[in-house]
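Paired with subunit B in one complex and with subunit C in the other, subunit A is shared by the two complexes that follow.
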Partner chain A sequence: MRLHTRFVALVSGLGVLLYTAGATVGSAQETHIEGVTGHAAAGKKVYRRYCILCHGPDGDGNGENAQWIDPKPRDFTLGVFKCRSTPTGTLPTDEDLFNAMSRGFVTTNMPQWLPLSRQNRADVVAFIKTFSPKWKTTKAGTPITIPPEPTLTVESILHGRELYQKMECWKCHGARGHGDGPSAATLTDNKDLPIRPYDFSSGSRFMCGVTNRDLYKIFMTGLDGTPMPSFADDIKPADGWDLVHFLRTLQPLQTPEAAIWQAWLASHANELKPIGPPGTGQ
Partner chain B sequence: MAKGSTRGGRSLRGSWLASGVVTCACLFGALALSGGGSKAYTAYSLAVHKTKAIPAFARKYGLPCSACHTAWPELNAFGQRFRDNGYQLMNDRDSPIWQNPSYIPVTFRMTPNLHRESATKQAVDAVPGDSTSGLVSKTITQSGFDLSGMDLWTAGTLYKNISFVLLPSSDNTGAFHFEAAFVRFDNLFSNRWVNFKVGKFELDNLISEKRFLFLSGNGGAYQSYHFLPGGDINDFGLGDNQIGAELSGHSDNSYTRYGIAVLSSTDGEVNLPTSQSYDAFFTFSHAVDAGKLGVERLGAYAYLGRRPTYYQTSDGVAIPGTGTGNKPFYRIGLAGDFFFGDFELLPFVMHASDNAFLATGTAANVALPPGARDARWNSGFVEAHYYVNPQFVVTARWETVRMSQQTDPATPNDLGNVDAYSGGIRWYPIMFSRAGLSWHTEVSAVRTRGSAFAPTDNVWTSSLFSGLDFDF
Partner chain C sequence: MRIRDLLLLGGVALLGTAMMAGRGGRGGRGAPAAGGTISGKVTFTGTPPKMKPIDMAKEPFCAKEHAAAPVFTENVVTGPGNSLRWVAVYISAGDQGSSPATETVRLDQKNCQYIPHVLVVQPNQPLDIYNDDPHSHNIHPLAKVNPEWNKSQPAGAPPIHAKWELPEFIPVKCNVHPWMHGWHVVLTTSHYAVTGEDGAFSLQGLPPGKYTVTAWQEQFGTQSQDVTITGTETKTINLVFKATPY
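Our next item is the complex of A and B:
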């Protein structure tokens, strides 16, 4: 009887293990994005057509053309992704990968894959998740909570400017946000390859989106695999929005932030202390 | 003669098969020598790093041919968006400042081939060399190794949102002309719906004849794009590149597109050889995301044109560019591009009309033949592609042209009607961003109603074609 019980327990345990393994493997083979279920098998065909020459047949970023591309294509085997809605150090959601693929990366060779059907994109996301064992053992992180954007005021912009100085953003991004701070030339990514900080004067798109919420997410989640850290533990949510409002003024765009900032600067410019190393800052 | 033809046909079939076997052996040999056979994606594994001459855009962006082409040269949805954005991916790598200084945006394309052409019921002197011996009906056949024409495609961005295309193209004797040459300005007023180009370019046909997957003598053109009734002096072809200016626009993903073009009435010929009139072309298409099926597109088009019917003369010789007595013609219809997974269906329908003066070749300053009226016809085709994988595609096409109104009421209703059938395969053993090679094999046959001997004759022309279509 005891032998029988042990046998049943052993078989049951094995069954649970197999079921769990199957379930986790299964989840890595599928994605679920806004009503669309992506399948890795179908994604493999799409990947082969569109992605393989950069990201490589093994997803390690060593495709035929990787040698000519700078920054290098993403190495999917590491399971490290820049653009996430999840906290730093966690895996992104399926939607994060889907959105990144659709949006492309403005400062890299990665184009927008918007013309592909949503099914194709969901399939590719499922296939990309087969490259790293992380997806089999770890769940995606929980997306961070983004509080509603407060009313835009000049005080918010000024506070954001103070944070830009205090958090030493200028060290990489430069005093004017041109990506030319004193540390800029020394930065490397997680594969020890040189990497440039974002130049806010280069246009309207950020690395991970175009909206204020996208910008908020970037410095609250960090860009994993790059020197850009998460500031989630260092600044309050309201401070994050202030920083967003200030960063918007660094762009060469007709934004509401720029309009308020320019109007304020017209009469208060001489009140500002320059951004930079201690002793010159405010 | 008939027996000789039969013998020749057998001999040709033998050499065609031998050629195919040898070609296959060479390609597999190349793959084996490169070690490519050991990987899942053999084509991508060939060592090409020493290649210097490179397809223009693929090299610039490091993308495979299959990123922009369902099977090159046909564009897919991503390639269409790239083209609609003025050959830009819309990241910050579009401007020439991002290109390697050694980058030269040039692509060569040519197709050495073996082909056989045959035409039945041709008018031939009964005694060769004796024009007084009378004409007899015979089948004419040609076959052998041959060359295609060559495209020397150069294109790129001059600056962000300003791009160019220059395409000197030769026939297979080496006689060059400019197939395309234009400058394009994109996102004017920071608006993707306002793009402008000027020069010589392909009409914005939803189903492009310049990028399609047929190369043979009979299958290598859409009958619908070039058909004209017998005796018609109109020179227009919907598949011919035209000279003019085009305003176009598209949604962010290029699922919705429009184009409005104003074109010289020259059918793309330089030096203004006809008249001072202009044609207009309008296109609109919209695509929807159909989930697992793919992206489905439907579009409409209208070409409204005029052509001169007579010229000013000097000593009775027409003076180029002085064409007058312009008479109208039009082509209107619908086209689609529908995906069912890896199966693509391209339907096309057209209604066409040529003014009676054009259809009868009558100068507008003289009277029409009694009873003459506009020539009208309907045409259409259905083309199918099955993409076994990005490097292998099976193609088929059925096409028809039906006269709906002969210009001469006494002409049989079906004179000139056309039915065309084509099928083939394209295998791309080499498909890199730096070079491409396709082994293209195609069979095509066209039946035309009416011969030099009887309007009820069915004249068959057919093509067998196998070639190595390469670009680099």
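Our next item is the complex of A and C:
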């Protein structure tokens, strides 16, 4: 009897020791998001309740549900993320991850996680950072500098249209932004899975937000892991806003850009050269 | 008594080897003498897959440039005598002092192809990527150990200055032109070669020592062989891959 009690005590003690050790290793990661400090140890519990079924116990996107859904859940072990305020090839900031989780990804199975408290979400972000060794060796990138949005004019939209042609966005996104450009059908992501470019004519929210500023960041940082590259080396920061203004006109939404554009088209439409391969009237 | 002697002998031998290895492992101990050479050919046995002609109709400029001589996929490129092209051959073990490389390596995107198809850089060696075509390309190295990035490069844009920090075999693609595939091979050793059509390679300036030579081919994987260099001799080896049609 006494031996048995001792044995149970020993095993329980060992168990507690192991559990604490595990918890200590996990809580090495912290996040700081607008006054909230997140801890990986607490985040692990939230992750195992809400995230594990898609993102998997190892954070590699191979949860039980993954086989049924498309696009696949993010593989956190790669340390590659779509929605960032940081340059291509760099890690996102804690805010980037927090916002992506809170916002969710429209047109995918990743919901908005607003029902979780800010503390919960900050904790989960801290835990997610433990899946990739990159977080131990590299710091998050430096967020890009975004100049203030200039006044919306039709000249801005027209210049944006020139950029859409010159930067060859139409090769994937199509002449009218329908996601049906000549290269659209063969696009694959970094796991060689088929992926479609954003269809502006759907009017759906962008992968990484809803505002003009979100749209600006998308093409100035690229969606890492996908075919969408960064144009930061090719488009001057101020010119980026012109492209944003033009892209809005491709959506079937009642935006200020669409209003100005429609008004201008009413009397000037025949001045426009079509978008597309050189030789189609360019 | 005998066992004790054997153990002592073994211990001394181990210590001796460790000391020798330690001596070789550090770089910067003066330039290696004009050393030995490991050379040879990379060949295959069996039936390799047939390379397919690439249809570049989606990029009319490139289709026109290749109209006279069609371009084929490059994952298995063979040559006379069953040789294999685009094989990276390098010292994978026993390297005694490779210093970091400073000269810039150049990658061209020309007529919708990566030239060269396989390039080797050492960690942090400057790599300049040029777009020689009159239309955009995007360069998307699918790195897993190094950071994965993706940049658009319009016609006439200045070269992209890149560098890779960690050893890795990185596949590179252009999303706009899905047939474009290349490799950036990041090696710590400065003793490497990429085979041409004749499958030949020559690794020179090797100080005496035991080396492992590895050949890497993108579809068939790796083949290795151990070679010992004692002086300034040339040792010839042949690295043979088993080719399969699929």
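In the analysis below, the second predicted complex is superposed on the first by the 251 of 282 C-alpha atoms of A that agree within 3 Å, B and C clash if a C-alpha of one lies under 4 Å from a C-alpha of the other, contacts with A are read in each partner's own complex, and residues count from 1 in each chain.
Operating definition for what follows: a contact is a pair of C-beta atoms (placed from the backbone, for glycine too) under 8 Å apart; a residue touches a chain by one contact, two chains touch by 3 or more.
Because the structure is a prediction, the values reported are computed rather than measured.
On the shared subunit subunit A, the superposed partners subunit B and subunit C are arranged side by side without overlap.
Contact with subunit C, but none with subunit B, is seen for A:T186 once the two complexes are overlaid on the shared chain. In the overlay built on the shared chain, the residue A:V80 is in contact with subunit C alone; subunit B does not reach it.
Judged by the touch definition given at the top, the superposed model places A:I69 against subunit B, while subunit C stays out of reach. In the superposed model, A:R49 lies in contact with subunit B only, and not with subunit C. Of the two partner chains placed around the shared chain by superposition, subunit C is the only one that A:S230 touches, whereas subunit B remains out of contact. Between subunit B and subunit C, the smallest C-alpha to C-alpha distance in the superposed model amounts to 25 Å. Once the two complexes are overlaid on chain A, none of the subunit A residues touched by subunit B in the first is touched by subunit C in the second. Taken together, the subunit A residues at the contact with subunit C in this complex read 78-80, 88-90, 134, 138, 166-168, 171-172, 182-183, 186-188, 190, 222, 224-234, 277.
Listing the residues of subunit A that touch subunit B in their complex gives 36, 45, 48-50, 52-54, 57, 64-65, 67-69, 104-120, 202-203.
Contact residues of subunit B toward subunit A in the complex are 39-41, 44, 48-49, 61-64, 66-67, 76-78, 80-82, 89-93, 100, 252-255, 289-292, 294-295, 389-390, 432-433.
Against subunit A, the residues of subunit C that register as touching in their complex are 58, 60, 135-136, 138-140, 142, 144, 147-154, 157, 160, 175-178.
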